[in-house]
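Below you'll find the structures, each written out as structure tokens.
Both complexes shown next keep subunit A, but they swap its partner, so subunit B is in the first and subunit C is in the second.
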Partner chain A sequence: MNIVFLSGKGGTGKTTVSTNIAYINGFNYIDCDVEEPNGHIFLKPEYKEVVQSGILNPVIDEEKCTLCNACVENCQFGTLANTGKKILIFNELCHGCGTCSISCNFNAIQEVKRNVGKIEIGTYEKGKFMRGVLNLKEPLAVPLIKDVKELIVAHETNIIDAPPGSSCTVVETLEDGDYAVLVTEPSAFGLSDLKQVVTVLKQMAIPFGVIINRGDNNNSIITDYLNKEKIDLIGMIPYSMKAAQLYSKGTLLIKDPELNEVFVDLSQKIMHRVMTNGKN
Partner chain B sequence: MKIMISATGKDKNSIVDEKFGRAEHYIIYDSSKDAFNNLVNTAQSGAHGAGPKAAQIAIDHGVDIILTGNLGPKAMRVIEHTNIKAYYLKEKTVLENVQSFLKDELEEIEKAGPSNAGK
Partner chain C sequence: MNTGESIVVISGKGGTGKTTITASLAHLMSKDVVKADCDVDASNLGIILNGETKLENDYYGAKVARINEVKCLDCGQCEAVCRYNAIELKNGKYSVRPLKCEGCNACVVKCPNNAIQLLDEKTGKIQVKETSKGKLVTSVMIPGAEGSGKLVTEVRKTGKQYGIDFLIDGSPGVGCSVMASVTGTNYSIIVTEPTQSGYEDLIRVYEIVKHFNSKALLIINKYDINEEMTNQIEKAAKEIGIQMLGRIPFDPVVNEAVNGLNAIVEYRESRASKALINIYEQLKEEIS
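And then the complex of A and B:
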């Protein structure tokens, strides 16, 4: 069973909430925020295994290539350019779809795996820990997230920490998700990006609820929207200096008795919803 | 000789567009016919790769000269493999820039500018 934590806007507390919920229940924690994974700071795992992840990129045999232009015309991503003397390849634009090699009538294109990152697998105090780490300067995170997802054990309970935004990386992370927790903050930016992920979740037909983090007097920015759209509010984490201090030291918030109560309550509410509304 | 100019509109009096890959239009001036033709940039809205696609448009239309505001590293790499030369825009409209180029008043683009400048 996969419970995905996402937010739209970055910095609302996806990792804060997901690591604490994973720890309370002893669930597996999977960091799919591969451009900036930071769950390890709080869960302090020991890695036992590293798996490399890659994407297939075209390599052209210039002896066989007739410069017919079929690969250039069929590529949807501008990966290939035909100068009239040579086909140029921009690997960083390639999505690894293989259309170029299929469209080549001269068998001049081979697909060769290029490393884009690694997957670190291990355990933390309470359960399994896994994270994807994208190579520096690598623009395409989806192939790595796909590889991380393939290593997930479906019949166990997995807390999946998603990347920010609402684009391909988030959609890939949400695939096979049974329930989603949207962590937001009471600000105009929080609301704007929340609306975008709500659209994604509705299209993907994944049940979800919302947690307001750093809640304060402005909560109505979010709650007005949730009421209007009849979206389930799971709960709220009040703004607290104590939480900020613990976070800045890389300490789980549940180490503080008051915050522990907040998270135990949230955890029960989330699990109740997963059991009654979740897909699995 | 064919000159391709990145532009915001579709005729010779249009204001130029400093962006190369993400320009809305390309106007191609053919000196042998003294004619200006408009191309709508279909690659403008893709997430990545607009630069090399625009360079491919130049190659496919047999362009000799590009007039634009900035060439990113990928577009530059394509251009370097051809005989096409690129120059920085200086004037306001397409026509004025072509006139300046013909009077040899524009500066050649020899180094790629920043990537994603047009986003």
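And then the complex of A and C:
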């Protein structure tokens, strides 16, 4: 069972909500925000294992290569270039698709794994913890997210923290998601970015609901939209300076009795929806 | 400016205030500076700067495979060769899942009956807006699209038709969109917040800024939420060679500004506005 937490806009509280919900229930926590994974700050895991993640890059056997150019012509990402004397390879552009090796009629291309990041696996106080960390200067996060997802144990309950935005990294994180929680904030920015992820979720046919974080007297900017689109509002976390301060120190918000109540209530509402496939 | 300078505003961590700060800098800078919204996943600068759309072009930044059902022999070799799980068998027929397809061409090359074609896929729209603060180049990304880095590059390329100085709103993270936003800039303003997450993400994104030889300048937003952390970040920044541009206090006027679709500096008397004006003065000094 995979419950994915996402937001469109960054900094709306994905990690805050997902870590607290994971902790309350003792669920596995999986950080797929591999460019800037922050869940460890709150759950303070102990890592027991590190798995390297990589993508397959081409290596040319120059003895066999006839410079026929088929690999260069078929590659869609500009990874290969023919100088007339040899085939040059730009690894950072490679998507690891294997088109070059399929194209080669001379068996001159081998694919070798190149490291793009690591997956740290361990436990936190209440359950399993796993996170992907993208190597710096590595542009492509999707292959690493895919590797993280492959290590997920499907029959356990997994809280998955997604990257911000609404592009390919988010789509990869949502793959095999059973339910999604969208965390937003009551602002014009929050609304604009929420609409983008809603489109993705509808296309992928994943049931979802929305949590408004830092709720205040502007909530109607979000609730008007949700009502109009008949989108389920799971609940609201009121604005609180206390929450901001606890977050800044890397403390779970449920350590505060008042906020604990808010999150226990939210957790029950989320789990009810997960069990009923999105019904409230 | 008018010297061919490019400034990008980034953050590592999302939601630290990149866009609200960029909008205020846009208000303070000359109209000749071209504003470019390169946070293509969540492009919000246009919400504040508003303006009239003068030009809009579709952008085809990716490819997607399509199977011709008549020519398809149902052999399944495409499915076997696809590494993205983008080909599915439904009711005995193979078809492409567009959201999963990377447009890599492997299935096209493999198909024994030329039944698969790669088609250009629209990944977004590029828009040029005339605002009261000058030209804004922005985009509307199609949700779930591939290649947001390429869309960033297209936004910047379009901007070059309108001037030589650029103020760029970047995206969170450290991946392809961020790299495409930072490359070729002279200055990277990193906006962080005094939280453990903000701190760790700042350190990661600084490596990208350094890699592209852009000069790192730091703003700590909402600094008074945790002054101890603010001091710690400033100290670390100094040690690794990031220059401090200024601090901005937590100020409820920021929310009011965003929801009123205004820039913070339009609330002249607010604490946040005063801090931003000060930051702009520092920035001018740095550039001159």
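The rule is simple: the second predicted complex is superposed on the first by the 277 of 280 C-alpha atoms of A that agree within 3 Å, B and C clash if a C-alpha of one lies under 4 Å from a C-alpha of the other, contacts with A are read in each partner's own complex, and residues count from 1 in each chain.
The criterion applied here is as follows: contacts are C-beta pairs under 8 Å (C-beta built on N, C-alpha and C of every residue); 3 or more make two chains touch, one makes a residue touch a chain.
On a predicted model such as this, the values are computed, not experimentally measured, just so you know.
S.K.: Applying the document's definition of touch, where does A:F90 land relative to subunit B and subunit C: first, second, both, or neither?
M.R.: In the superposed model, A:F90 contacts subunit B only, not subunit C.
S.K.: Is A:G165 contacted by the first partner subunit B, the second partner subunit C, both or neither?
M.R.: second
S.K.: Once the structures are superposed on A, label A:Q196 by its partner contacts, choosing first (subunit B), second (subunit C), both or neither.
M.R.: After superposition on chain A, A:Q196 lies in contact with subunit C alone.
S.K.: Just checking: does A:V50 make contact with subunit B only, subunit C only, both, or neither of them? Give me first, second, both or neither.
M.R.: neither
S.K.: On the A-aligned overlay, A:I221 touches which partner chain: subunit B = first, subunit C = second, or both, or neither?
M.R.: So A:I221 only meets subunit C here.
S.K.: Between subunit B and subunit C, which one contacts more residues of subunit A in the superposed model?
M.R.: C
S.K.: Quick one: is A:V112 in contact with subunit B, with subunit C, with both, or with neither? Answer first, second, both or neither.
M.R.: neither
S.K.: Have a look at where A:S103 lands relative to subunit B and subunit C in the superposition and call it first, second, both or neither.
M.R.: second
S.K.: Report for A:A81: first if it touches subunit B alone, second if subunit C alone, otherwise both or neither.
M.R.: Only subunit B; A:A81 stays clear of subunit C.
S.K.: If you stack the two complexes on chain A, which partner ends up touching A:P139: first (subunit B), second (subunit C), both, or neither?
M.R.: both
S.K.: Once the two structures are fitted together, what part of subunit A is touched by subunit B and by subunit C alike?
M.R.: Comparing the two interfaces on subunit A, one with subunit B and one with subunit C, the shared residues are 77, 139.
S.K.: What part of subunit B is in contact with subunit A in the complex they form?
M.R.: 43, 46, 48-53, 55-56, 59, 74, 77-78, 81-82
S.K.: Tell me, which parts of subunit A touch subunit B in their complex?
M.R.: 72, 77-79, 81-86, 88, 90, 92-93, 139
S.K.: For subunit A, which residues are in contact with subunit C within the complex?
M.R.: 8-12, 15, 35-36, 38, 41, 74-77, 95-99, 102-103, 134, 136-141, 163-171, 175, 185-189, 192-193, 196-197, 199-200, 203-204, 216, 218, 221, 241, 244-245, 247-250
S.K.: Can you check the complex and tell me which residues of subunit C touch subunit A?
M.R.: 11-16, 19, 40-42, 44, 47, 63, 81, 83-85, 99-100, 102-106, 109-110, 118, 141, 143-149, 171-179, 193-197, 200-201, 204-205, 207-208, 211, 222, 225-226, 229, 255, 258-259, 261
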